[in-house]
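A quick write-up on the structure given underneath.
Here the chain labels run A, B and C in written order, and each chain numbers its own residues starting at 1.
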Amino acid sequence: MFIRNCWYVAAWSHELPAGGIIARSIINEPLAIFRTEDGEIVVMADRCCHRAAPLSMGKLEGNEIRCAYHGFKFDHAGACTEIPGQDNVPAKARVATYPAIERHSWIWVWMGAAEKADPDLIPAACGFDDPRWNLRSGQMDYAANYLLINDNLTDFSHLSYVHVNSFGATEAWARSRPKITRLPRGIRVQRWLKSDDSNLKGVRSGGEELWSSYDFLVPGILLMRSASYDTGTSAALNGGEPGPDVPCHNENFTSQAVTALTDSTSRYFFSWGPRAGEGTDELAEILKGIAIMAFTEDRIIIEAQQRTLDQCQNFDMVLSSADVGPVQFRSVIEQLIKAEGGTARLRL
Amino acid sequence: MFIRNCWYVAAWSHELPAGGIIARSIINEPLAIFRTEDGEIVVMADRCCHRAAPLSMGKLEGNEIRCAYHGFKFDHAGACTEIPGQDNVPAKARVATYPAIERHSWIWVWMGAAEKADPDLIPAACGFDDPRWNLRSGQMDYAANYLLINDNLTDFSHLSYVHVNSFGATEAWARSRPKITRLPRGIRVQRWLKSDDSNLKGVRSGGEELWSSYDFLVPGILLMRSASYDTGTSAALNGGEPGPDVPCHNENFTSQAVTALTDSTSRYFFSWGPRAGEGTDELAEILKGIAIMAFTEDRIIIEAQQRTLDQCQNFDMVLSSADVGPVQFRSVIEQLIKAEGGTARLRL
Amino acid sequence: MFIRNCWYVAAWSHELPAGGIIARSIINEPLAIFRTEDGEIVVMADRCCHRAAPLSMGKLEGNEIRCAYHGFKFDHAGACTEIPGQDNVPAKARVATYPAIERHSWIWVWMGAAEKADPDLIPAACGFDDPRWNLRSGQMDYAANYLLINDNLTDFSHLSYVHVNSFGATEAWARSRPKITRLPRGIRVQRWLKSDDSNLKGVRSGGEELWSSYDFLVPGILLMRSASYDTGTSAALNGGEPGPDVPCHNENFTSQAVTALTDSTSRYFFSWGPRAGEGTDELAEILKGIAIMAFTEDRIIIEAQQRTLDQCQNFDMVLSSADVGPVQFRSVIEQLIKAEGGTARLRL
């Protein structure tokens, strides 16, 4: 149960040098991803139309790709341009291609109807070339359905239990409820926490207030800005969002992308870092270390959750008031799938 | 196809220290097993009612267990006592619990209707604290359905072929037929064998007669006493059971439990040892070594049998006169499942 | 979807010494294979009729095999001759047996109706005792359905792409089309190639013409003779087959057998070598090395193809003019299955 008319993060830009070919599945569809000689991204079904050999095992010849098995050659639009030893190439000899855009250091692929592939729907992630942030990155593979990872990322009440060691989170994360706003293709999650309650180990000092605000957008893109403010700021703002003129410390930004590879496997891409500036390399490394530790904690519990659900077909879930984020985001996905004419029952 | 109203051996008592949590599946049901501060055993479904995270990954707080994911807390009766950040806990927020009793060094769990959990139905196994026996123990995991292990344990004709190396068994085991008596929840299997025909390597000398008698009780509990008697004893007793006043040698006792973890996996717990007394430690170790060797021989053939049956859906079995035990015991299980309102077709 | 009335290669003769037992599945049927004291091959279902233990784990007693579990004994015709401890053996106590013949260094098993097992249907492979050839051999296991391997072997256009490194094949293999002749139980594939276009690395010199001719017979037996001829030979013969009186070089022969072990696994047996004679050992070793390298190249692409097809249930294949061989051979198999009363839809 996946949205098709949606940009999925397929890879980091730097995973694909000129002349390289990436084999990657997205929403169960095996894809071959490469660049034209101009550096444009080409994404096609990783399955030769002849005998289904993976095109990603083939080789690039200019802007075309030749199958490793019997040498069928395809152009960047998926049309077969050569069948060795045969004069005519039938029109049906072609493979599906998918719109793709390189932006924010990620390769985005549109898995739905090509004519609806609107570049403006690509979320405003921050890439390594963004002058505002000093970013580090990582990635992780999950033996779990993407929805369980989305549930995790849309409800931070788990920080108090899962991330005690990494983030040093206290129970405040579980006891407070953020403000959640519905967006056209996702939700916005915002909250103030006392710094003593929200200690980010090795990063923040006491006596301050933490603001965190993130958008979570389909299919599973998290874009979050966090920063510390002087005590009293939240009260002065009546709990509202601090503007760019309010002085802050330890400002940082993270872009994260959950991509469903298959029904039961997912890849999680993330970058994180402090505001750019002299002397922030150490902090950037600290944040990266924390992220890897924390996301490993998530992976362990989520994969265990997946195994339990696999054993128990009719699990009747009891929701809490912290589930507003997961419930709303699943609803966004369900509505978009239905709008495409698909059927989905994703409710918690 | 399992009996539910039945005590299953879940673990050795010593597997569960104070403060520990065991994750174990019984008849396909994942369980979290821990102790209250008074040492009482608590067994609950290993699946938080919130998002199905395994409770066995959580932590104990007094007599309660807190989920590792979002911090839901449950008492020993399975009732949720806290949802962090939420004042009210809905009544349906609970997980199933199972009656459990610690007895004979084993933790027994009742997988059926709680009101029918009669402690008197726990078989009279011998634990390490039993002064009569000097016991050693072990366990083994099977990639096989529990019924195949029960079949093995209810028909010792296989000793002559499977256990030549371990028990030193001759063909007498295959050629004699024991007396089999139906019990309310199992069968009793008894026989006399000439010692020359029933050599237990390293344990018995010749010129004697071996008596062995075991009860095999649901779901798969074997309780066996064996001993050697002077030649002529069986004739003097007219083939009957020797009383406690008849002098014997090499008396030993074994308790064994087959627990179905899932449809295709089982755990086998066993203890064995000679009558307690000075100088029996060496004999106890010898018996343990023989047991491990013999039960490994069983495991190899039974797992092979399981793989063959998996490949052959409609196997039409040819029974022999040695199959009275397996046939009767499967019939006991089948009748008990039917008495619970379940359906089963376990016949050989 | 397999032919049953057909000889399958189960093993090399040298795999089965006197007293040995081979466990092997053919077309999903587990088999126990052994020799009588006279050296005759016996093939029976690897499943005791009592409790389905694999007979291949048992032991040979003269011309009979005794089950390792409860000691049932079976003669070479599959009849149970002894049930330990029981006087009468019921007539239904037997296991299926299969006709088998040892020929050309292979053990052939007939998986269909015994009365139709015609030894003349065994293809004319060359064994190690054939004085004409200096043969070396090897084998390889595939995680793929046998049809994909047959497709590979009935269309050599892949040599130009898969075997550049091993055979040093040029594009000529992909651009020429062989002459294909239908045989009663297979196809014949023949062609002339200019030597410059068909270089077999380390074997041929330039300035010659290569003739290759092979029969591919059910269920997947390839028998190929190749040789180099002086330039102009093909024209002088009007493209026809060179007779034994035409001088040639580098003549070599290969026998290959694809055996479906299960739906998703196959074993590939092969021998290859030059015409026998003084000083051909080095060439025989070179050909073996090339074969292992080339067949590994095939295995990599075919197993990838299988994985892709497994992910894509309704793959709509686009055929090329090089697919005459695969299409015709699948048609042969399909017709033979239908002639047996089976149903098959193997068309590409």
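Here, a residue touches a chain if its C-beta (ideal position, glycine included) is under 8 Å from a C-beta of that chain, and two chains touch if they have at least 3 such contacts.
All values derive from a computational prediction rather than experimental measurement.
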Superimpose the Cα atoms of chain B on the matching ones in chain C and note the rotation angle, 0 to 180, in steps of 5 degrees. 120
Same vs different contact residues, chain A with chain B, by half of numbers used: different
Distance from chain B to chain A - Cα centre to Cα centre, in angstrom: 49
Among chain B residues, those touching two or more other chains are none
If we count contacts the way the header does, which residues on chain B are in touch with chain C in the complex? 151, 155, 157-158, 160-162, 171, 174-177, 301, 304-305, 307-309, 311-312, 315-322
Can you tell me which positions in chain C touch chain B when the two form their complex? 25, 28, 30, 46-47, 49-54, 57, 66-72, 80, 83-86, 90, 92-93
